[in-house]
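Order of writing sets the labels: A, B, C and D. Residues in every chain begin at 1.
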Amino acid sequence: MADLRVNIGGMVMKNPVMTASGTFGYGEEFADFIDLSCLGGIIVKGTTLRHREGNPYPRMAETPSGMLNAVGLQNKGVDYFVKEIYPRIKEVDTNMLVNVSGSCIDDYAITAEKIAALEKIPAIELNISCPNVKEGGMAFGTSCKSAAAVVKAVRKVYTKTLIVKLSPNVTDITEIARSVEAEGADSVSLINTLLGMAIDSRTRRPILSTITGGLSGPCVKPIALRMVWQTCKAVKIPVIGLGGIMNATDAIEFLLAGATAIQIGTANFIDPQITTKVVDGINEYLDRNGCKSVSEIIGGLVV
Amino acid sequence: MKKYVLDLKVTANIKLNDNYVLLKFTTLNDEVLPEMLPGQFAEVRIDGSPNTFLRRPISVNYIDKSKNELWLLIQLVGVGTRKLSEKREGNTVNMVLPLGNTFSNPNPGEKILLIGGGVGTAPMLFLGQSLREKGFEPVFLLGARSSKDVLQVSDFQKNGEVLITTEDGSAGEKGYVTQHSVLIDRHFDRIYTCGPKPMMIAVAAYAKAKGIVCEASLENMMACGIGACLCCVEDTQEGHLCVCKEGPVFNIEKLKWQI
Amino acid sequence: MADLRVNIGGMVMKNPVMTASGTFGYGEEFADFIDLSCLGGIIVKGTTLRHREGNPYPRMAETPSGMLNAVGLQNKGVDYFVKEIYPRIKEVDTNMLVNVSGSCIDDYAITAEKIAALEKIPAIELNISCPNVKEGGMAFGTSCKSAAAVVKAVRKVYTKTLIVKLSPNVTDITEIARSVEAEGADSVSLINTLLGMAIDSRTRRPILSTITGGLSGPCVKPIALRMVWQTCKAVKIPVIGLGGIMNATDAIEFLLAGATAIQIGTANFIDPQITTKVVDGINEYLDRNGCKSVSEIIGGLVV
Amino acid sequence: MKKYVLDLKVTANIKLNDNYVLLKFTTLNDEVLPEMLPGQFAEVRIDGSPNTFLRRPISVNYIDKSKNELWLLIQLVGVGTRKLSEKREGNTVNMVLPLGNTFSNPNPGEKILLIGGGVGTAPMLFLGQSLREKGFEPVFLLGARSSKDVLQVSDFQKNGEVLITTEDGSAGEKGYVTQHSVLIDRHFDRIYTCGPKPMMIAVAAYAKAKGIVCEASLENMMACGIGACLCCVEDTQEGHLCVCKEGPVFNIEKLKWQI
């Protein structure tokens, strides 16, 4: 049994395995399948200042080795989260993180401030990369200037661990990573979904109500892995890697590329027990390779 | 209700016609199957099918307690259901179950009509059996294209009266379920329905006009099946609700259908 | 039998089905499997001014529903093409196009000029999007300024149909498309490969000799389709769509999104007869839907 | 040689041991199999395996002309080969074949040694048969981990003398093929080899030192198998050549191996 602990900007995790926002509900949905306390961290659904109904149905299309989604940040707003959901989940013995989204900078800051008050939430993940909302979302994550502006505003009101989730829909993700690092982000997580589209040739219509949506799943893994590797070389803060991780081998690839932790998203739909299997798999890999600690493989790619 | 991820073993693969297969499953080690309720479904993993990335939601068609068997009625529509239909006795299939809510309990003495169309008849068998066990006398109204698509009639008959409509008139009355004479001739207190959306909307419109309590079981596209992804939502009076978790069964009053 | 003819900047094609550069050799490799004259066009391997040995082996990694390649434009140079290959392929009764690459603007222009002299080559495709070469290649395709500069230089010496192949590794592909349209490109083709990476967790090494490589195959189709749809709305010149097309249904989706023609790349490796099957499939679709001409479905997406 | 895309039918699936399966195929309509040469291979499509996007290159192991059968010897290394090994009598498999070059013709009277290691013995059987038919008396030197991995010995024996080395000494001489006494005791004019790269390099070094003509069959990763993608290249005296088209058989003089 190797030492699996990792540290993300002051937040210590039992192991590097987290769940990706929007794919794991509030954790509760998976409590029948796994022991949630075995996870390094859980990132709950994207939360906004106000209640959002999200986009109309259909919101999902299956694609080769992946899926498109256009949920559009459906959630009941941060106040509802604080009042109704937080009390239900705060005793789970893992790091419970909130993924924060907004349609303007103030929204981000106010939402973050409200969550800062919650004792059992050690960190937030700023979602400046959601491709499924009309205003804000991805727009913030595709230019250095606006990304930096969001982080600057939130950093002022949020002193705990601040993770910024980056969009892969950019020419150079390392630039954006560096600009949020410069504003004091404690960590970056990547990738969010890639903007894609699906068409039904029979009806000649787009499958999603929003025409385009976010691509996730194993199909995006090669792109995610490349971006994580590039970003790890570009910044000093820890990088959290995600995108298409389906098993422990995939997770280990991200760690080797330099990620300090990883998130599992779409794979939860295929196997609701995948997260704990990945924890076990990483541990076995470390044992098999005579590693005492997971830190021995983080960034261990031989080039 | 506790949900499980289970490998179940095929005990029978019965080809009902060119488009439908009935698969029967039991547990691997003779443990008792988890408790399941009518209207609930399983998210079935389709192995060996490169174009079937996500699990496929399939209703519980019947639970044969005496044999510890779960039945799934499969309509062959695409690659996933086709692959599933190829599973043979002894093959195992991975499922997450039981998922979703169930139909509400009728009041004692109510006259209940179960209307199923196409593969939407699948959950009606389990529901009918359960109602029968509770002392009700459900009437089944089954709609299909033609006589060969009217499935599991003898199973339905064990649990109540069976009425049939076919589009080509080759069995029962000719036309759609909502054109069946029973809807004019007899009175029902409650209707449960599952089938193609246009059919369910017509049924809902009829029920609403007559003031009959009506619940419909929806089949929105799903990714997770457990309320985690918010992909399967239906627009309702309470906003977007997950068909996989707050449904698949909804009282039609709650839906925003144009009826 | 519907009318399948399409016109790309003056070049008439029997049908909208072309082969993607680098995946179809010089066409000859497929002559045993299909009748090459049934294709709308064949785009031969990336050709450069000088002989290139390409990147070291390994150059390929399989990924979920796709592959990474790092061939790096191995070819014997344009003079060899003109002397040795052109005479062999010039009698094939289809549009034979050359895909032109360079490491500086002059290289592009000189190469294009040499190919302009070949009577039976009606068009070139400028590859400003190859992710697998150290200088040039993708770098030109990721900024409007450099993309425009290449096209400007080539346009001066090349008067036949000029297609510019765009890189998907950008924040906004429509900007690049507009900038090359402004310099007189007759058409844009997209997408080239997405930059990706693969790691062997056992050896802890990258699988490709170049660490990163270009992702292609059905995994990228949702992204390609989105970019084609966006670009068709942004420019007036015809768009050629590609990326992950595996069958006629995929091809029809690109046509509905607005592409005037499509290219088939990686699918040729899975089924060397796929191109002619796609031609037949498009024809059947048109017949089934009572369309007299393929033009009835181009851009026919109902939104 | 003309190349084909063919569906071939499995006529036999013979499990040789835990890691090797011999598959025999014939045509669907009794047409004669295309002509194939030793060293050539097929690109085999693996259906029903989501993680096997590309075809898999597999050498022609043997052509049984009397039965119109193609043999493929499969080593189970990953998902693709495992899926392929599950094909049963009557199943069809799609192949592109024949691909690649062949071994050169020896000069009359030459003494020829065929060295195969692991699954690299596969093409050696077909090559040996072909040499035998041409009047040569090939000697086979087969290397394996242990006795149970020495495959198709009786088939080899029909075509010439068979020598064996195993790493654990459980059959033949103990050690690697390049340590076999025959390499010291006897003289050969020509060596053909196929197997793991380190083995082939050792064989090449031996041949070079002794001035023996030597050809090796390489197994680089392939995408297309027909010379279209340039993924499978080997660095040679003539630059990067495609193993699938200009190979898989190369004279070791042409390669840039450090020997």
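Simple rule for what comes next: a residue touches a chain if its C-beta (ideal position, glycine included) is under 8 Å from a C-beta of that chain, and two chains touch if they have at least 3 such contacts.
Note that the structure is predicted; figures quoted are calculated from it, not measured.
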Chain at maximum distance from subunit C, centres defined as averaged CA atoms: B
Approximate Å spacing (C-alpha centroids) for the pair subunit B, subunit D: 54
Mean-CA-position distance for subunit D and subunit A (Å): 47
Centre distance in Å when subunit A and subunit C are each reduced to the mean of their C-alpha atoms: 34
Distance between the centres, which are taken as Cα means, of subunit B and subunit A, whole angstrom: 36
Per-residue multi-chain contacts in subunit C, two or more chains: 63-66, 217
Residues of subunit B touching at least two other chains: 50, 53
Contact graph of the chains (line, ring, star, complete, other): ring
Contact pairs between chains, per stated definition: A-B, A-C, B-D, C-D
Subunit B - residues contacting subunit D, complex: 48-50, 53, 83
Residues of subunit C defined as touching subunit A within the complex: 61, 63-66, 68, 142-143, 169-171, 194-199, 201, 203-206, 211-212, 215, 217-223, 225-226, 229, 244, 246, 249, 252-253, 256-257, 285, 297, 300-303
Residue ranges of subunit B touching subunit A (in the complex, touch as defined): 2-5, 45, 50-55, 96, 220-235, 239-240, 245
Subunit B contact footprint on subunit A (complex, rising order): 22-25, 29-30, 32-33, 45, 53-54, 56-60, 62-67, 69, 71, 74, 217, 266, 268-273
